[in-house]
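Next, two complexes with chain A in common: one pairs it with chain B, the other with chain C.
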Partner chain A sequence: MKRHFATLSLAAGLALAAGQALAAKDSLVLGMVLEPPHLDPTAGAAAAIDEVVYANVFEGLTRIDRNGAVKPALAESWTVSDDGLTYIFKLRSGVNFHDGSAFDSADVKYSLDRATAEDSTNAQKGLFEPIAKVETPDPHTVRITLARPTGNFLFNLGWGDAVIVAPENAADNKSKPVGTGPFVFKRWVKGDRVELERNGAYWGSPAKLANATIKIIPDPAAAAAAVMAGDVDAFANFPAPETMAQFEADPRFEVVIGSTEGETILAMNNTRKPLDDIRVRRAIAHAVDRKAVIDGAMFGYGTPIGSHFAPHHPAYVDLTGRYPYDPARAKALLAEAGHGAGLKLTLKLPPPSYARRGGEIIAAQLAQVGIEAEIIPVEWAQWLEQVFRGTDYDLTIVSHTEPMDIGIYARDTYYFNYKSAAFRDVIAKLNAAVEDKARYALMADAQKTIAEDSVNVFLFQLAKHGVWDAKVEGLWENSPVQANDLTEVYWK
Partner chain B sequence: MTSEALSEIWSKGLASRSFTIGGAITLALVGVALVSLAWTPYAVTEINVPMKLRPPSAAHWLGTDQFGRDVLSMMMLGARNSIAVSLVAVGIGAGLGVPLGALAAARRGWVEEAVMRFNDFAFAFPALLSAVMITALLGPGAVNSIIAIGIFNVPVFARVTRGASLSLWQREFVLAAQVAGKGATRITLEHILPNIASVLIVQMTIQFALAILAEAGLSYLGLGTQPPNPSWGKMLNEAQTFMYLAPQLAIFPGAAIAVTVLGLNLLGDGLRDVLDPRLRRVR
Partner chain C sequence: MAVYLSRRLAALAITLLVASLVVFLVLEVLPGDPAAVMLGVNAREDTLAALRSEMGLDRPAAERYLRWLGGLLTGELGTSYTYGVAVGELIAERVALSLPLALIAIVLSTAIAIPLGVTAAAHRNRAADIGIIGFTQIGIAVPNFWFAILLILLFAVELKWLPAGGFAGWDAGLWPALKTLLLPAVALALPQAAILARVTRSSVLETLGEDYVRTARAKGLDRRAALWRHAVRNALIPVVTIMGLQFSFLLAGTIIIENVFYLPGLGRLIFQAIAQRDLIVVKDVVVLLAGTVVVVNFAVDMAYAALDPRLRGGAHDL
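Then we have the complex of A and B:
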């Protein structure tokens, strides 16, 4: 009798499993390493915010697609005046926010005015800085007038920081984001996961997934176990490159190595002694062996860079040969700068493995030329506080994942304290240039200038280590912007 | 202690299997740590990326880690690190705990109440948890982990010292010393401490094993010894994502921690058999 029961329940179980397999799965668990501090992309610099909400919950006038191209989003179409100063956007009609309220030009004006305001908490205020005024001739038209021509304005409007929010929800978006996107925010279990569900009333083609869960797994070993066990269906960017080989060998998984916009650099505090001496900075550049860093820290995944520019961009100039690995040269430069007896510096390392592992390798390389780099591991909050805002550091390693961000070297205050009139001039010209040819030439100038000044040691372009269930389709291979766009994701 | 007593302990020790095995393991560990002071096969900070994750070979007896560093060299320095941290930490624990316990036993009254209630308070937190809390407050690092482990050792020694001392204070020879006009400090130093020394030595061995575990735990969590200095706990942590590629990276430090703790526990057991005055009285 007992045995019969067991057989019966086994059969029932099998039938159930078969039933599940037949119906196409319509939910996805996506793993992420870092938990977003909050969920409002217009009020924070953390990439993790955009990686949850960009294109899923929030949309802007334009959007960046998987190839890095600018596509219409909430703006159906636009025209640009000949002088490059006036942009007229025709807005999509019939768009509603997730709370049911209608989207119109007033929301656009509100969002852009909010981002440009004096007291704006937008992390990328610089993107909106050229905007002189925003006008709304009618509910479906927005006219933006710029103070000066801005070549990549349409691209800038596609950033997560430029998404359109509704005035009535803006204050609560940090904990309860309300946007216009194909997914509605359901709940956020802090420290564990964010749940999204399909927006049934979406203006465009609806998402293929009914539910998406973004699971936060900070520990790489736990992440590997979760993927192996099938608890997580996909990791758009897996934290441990050394496990790629193991996933590649397993037919259950698809491994896709893509590129990101992450220029990984050994940043130097350019105004602090002795790093204010260009010879010291150049010596450090000569002392670092990029190949060993890429092989040792990233297991070979990553493209060497010689300036702060993405290798897949058409305007990229290969400057990796500017400071070849040459410890003897580095020692000579240090001696010339009066540090022949050696040098002591601090090296603050945030948590990602590219920084912690890369830091150990670089510290060993610096030791070869007589620079003792004291490794200080810090958490992200401390890093933002001490290094990024407080500029209290000598050296640090970080990946700048924003697209096209060479302009940060022209900022008045930025944590590497680089102050060059010549470079600012190049960027000012670049901002004013509209034609691609002229822009690319200026971009090349900009890359060469910072390489020549050896502002930072430019290490490598961070690769994107995608690992997902072989039956999952539609995830991005590259990340031209910080995003995990789930709109087109489905199960085979 | 007379030489006669020492040789008696020695012969008894040799007869105890746990004492000999535990002692041998501990001696080997100390030996490795001492050798590492003068020599390691490779410099422990020497990174050689093309040689990464090699299995054990003639050139690298225990293979290499993810940066191509020699694992044997790291293990040797890790042993030194474990011993140094634990030694100082137990020293702090005993150095503060024993006087506190002795004071409580000698003075009684409110002093004893104060010391023991403070002890109870400290005991209320699990040892490793309080160590994590302390390093979180002071910041990560080898020195701070020593302080943290030392602090959670204080109440252990205070309690053991007080417990062992209390009964001695009722014994005739102590009463006689009191009648003879000796002060509490002198009695503690001359009569109490020598008589509880064996208990303290056994306790130190046990605490030493716990300190090694705690150090490994803190380093594993990233709160202890910082890179580029190697420690067993940190090696274990870093080995996690290499489990499929190079399982030996986790096995070596893991085995080292287990064997060391086993050795110290055996030594502690053996020492108790040999030294414990109660057992001696029974004979």
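Then we have the complex of A and C:
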């Protein structure tokens, strides 16, 4: 018996040793659907760019963490003047770019000036628009003066578009990104993968992974096969929700359904007849059954929304009950607006499956109340030109993935063509407010105003489908910003 | 022969010129602004204008066409709008995958198809023939992407012998690279083999009925020798024609297979470039492919001459 016990403990010891050997695994293969067009987050809108380099290769003055909170990054701390116009950032010392050159206030000034310059190709130039001037009293201090108070300014500096680059590398960042982050860019086999490796000289706590490979797999069936075969360790945004049940049933994998910043809406052209009539817009809102759309198009994944606001935000107001699914009410509203005999509208659908699949379901629901929606599938480039820029459409479905973007309803020209002085007033006040309490109250007003005006039909918050090896820890559950932050990822 | 060659070269030049003009005009009328695609929904008007001028898109169409054409002639293919690297480099990387893949697939499909087709013809209407016809029927009917998924499920997910997709790259070594190309090559080759086998069968059957085969048999050649030496060789002309077409298809038309196996090949490059309005890449790849088709056709014609001495002599030699 004693001997038996000894054998057992030896076996246990061996198993433990084997376990430790496995735990030493320090490389990760992460799957992504879309390939980034290039790797410079300050010169392109593609989410895929940030999904490779944000927080991994590049850092800004502030950063957004997994919960959407603003955290210090290259700025160690900051103070904001009482009028909300002057921000003084104390920069971290001992920070180097990956090429060995030192990071200081001149790099910050260069990066921000570059983003606001006349020939800037920054896709989010609007974020920097409030900046009046950037000064560098000393190498570790930056003073930013704003033209008007901007409540979201620290959050905005945490966007991928606001990362700090060095003047000597800025031009080459598209193909050879050089940042200050915990991972160094190694190589990019175009069409196939991007390889990153740990930055040994990182200023903060070093990454736990020694190597990370981001593998591009555009086809959903191929993505499922790659995860099943173990070629890919993790998919933070898995493209095939229809296969989630299969992964959930398999103990080798962890399935994590999180939330994104993607408000998915049935957008309406508010100035085009007959959608300029609020009764017609409300009729359409009553005609759409969100639950059926989520079940049918998204396999049940997605949180219903009643306004253009993320449900996980503390200022969220649940307005999903404002226009309950009620075809009879929709018909009555249409009749009241003089369209009792029916209506014909176009429905332009971009490529993502939420739009194409969701569009078919919505068209069927609209048909129930006498609206004939002609489905026109379009590519992204066409959508941008015809729908977004040309506003040549009646209805379209799209997910607005930028964080905290309710302000788009206050823009002079935006493709919904919504023009409300009351709403603009709320947003102006919001931009000027600094206190959280006041800001949240204004955010609630903003949500209610656009719901009341039934600007668009607010469908659901796009879910984030994460599938990864059950032994991988530290990936983000939600995506408050578009990122695959690998800094805290490790193997159990 | 010299006249013949120069005529072919002139045809090549004209084809490329027409192809370049057509693709340029088609992309001119195609809706979608490359700058808007890159900068997305929050881009401001001045940012878009800055990017357009950086990419040279603010120049008149005629100037852009001539500049591009001049670049092609001097081997300067331009810079990709989205990737920001030289298009030549981008194409070279993709050709390093697509060309070997197409070659492996064509060799595989020929190695399968010709013996099958000849066997079927030699055993016309007997069990072997009926079996082969049945097999080729299935091969033609089964879509290659579905067949590819079955291959992945069996060899990658279940048996784990081969990777589910991706390309290791030639710098990873010959075998690791070939390993990643094996399943895609099989998925591409089998449907092509099915078509080729049927063409071979009917072509051999036709030549088997020819007088010269009967003469050969009458001279005392046995069935086997008459079949391989006289019937098959003469039957190869239509087979080579189909192979030429298949090769062009394999080089460019593999978008679906490249997606299923997520291979960074030419097909994916052009597909992605169209979606992202990377127009310079689209234009260059289309011209390259048009050129390849012409060159392959030329090679096919040369193969005819090797197969059939009658096509060698005559007027062309004058």
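To be clear about the criterion, the second predicted complex is superposed on the first by the 469 of 492 C-alpha atoms of A that agree within 3 Å, B and C clash if a C-alpha of one lies under 4 Å from a C-alpha of the other, contacts with A are read in each partner's own complex, and residues count from 1 in each chain.
To be clear about the criterion, a residue touches a chain if its C-beta (ideal position, glycine included) is under 8 Å from a C-beta of that chain, and two chains touch if they have at least 3 such contacts.
Quantities reported herein were computed from a predicted structural model and do not represent experimental measurements.
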{"item": "Partners on chain A (chain B, chain C) - clash or fit", "value": "fit"}
{"item": "First (chain B), second (chain C), both or neither touched by A:Pro37", "value": "second"}
{"item": "First (chain B), second (chain C), both or neither touched by A:Ser175", "value": "second"}
{"item": "Touching partner for A:Pro139 - first (chain B), second (chain C), both, neither", "value": "neither"}
{"item": "Touched partner set for A:Ala229, first chain B, second chain C, both or neither", "value": "second"}
{"item": "Which of chain B and chain C A:Pro304 touches, first, second, both or neither", "value": "neither"}
{"item": "Which superposed partner A:Ala221 touches (first chain B, second chain C, both, neither)", "value": "both"}
{"item": "Dominant contact partner of chain A by residue count, chain C or chain B", "value": "C"}
{"item": "Chain B versus chain C as contact partner of A:Ile361, first or second or both or neither", "value": "first"}
{"item": "A:Lys190 touches, of chain B and chain C: first, second, both or neither?", "value": "second"}
{"item": "Partner chain in contact with A:Ser120 - chain B first, chain C second, else both or neither", "value": "second"}
{"item": "Chain C versus chain B - closest C-alpha approach in the superposed model, Å", "value": "5"}
{"item": "Chain B and chain C footprints on chain A, overlapping residues", "value": "221"}
{"item": "Of all residues in chain C, those that touch chain A in their complex", "value": "31-34, 36-44, 46-47, 50-51, 54, 82-85, 90, 93-94, 149, 152-153, 156-157, 160, 163-167, 169, 259-265, 268-269, 272, 275-278"}
{"item": "Complex interface listing, chain A residues touching chain C", "value": "35, 37-38, 44-46, 118-126, 174-175, 189-193, 215-219, 221-222, 225-226, 228-231, 379-382, 384-386, 388-389, 400, 402"}
{"item": "Touching residues (chain side chain B, partner chain A) in the complex", "value": "45-47, 49-50, 52, 66-68, 140, 222, 226-228, 240-245"}
{"item": "Sites on chain A touched by chain B in the complex", "value": "220-221, 224, 240, 242-243, 245-246, 291-292, 295-296, 356-357, 359-361, 363-365, 367, 375-377"}
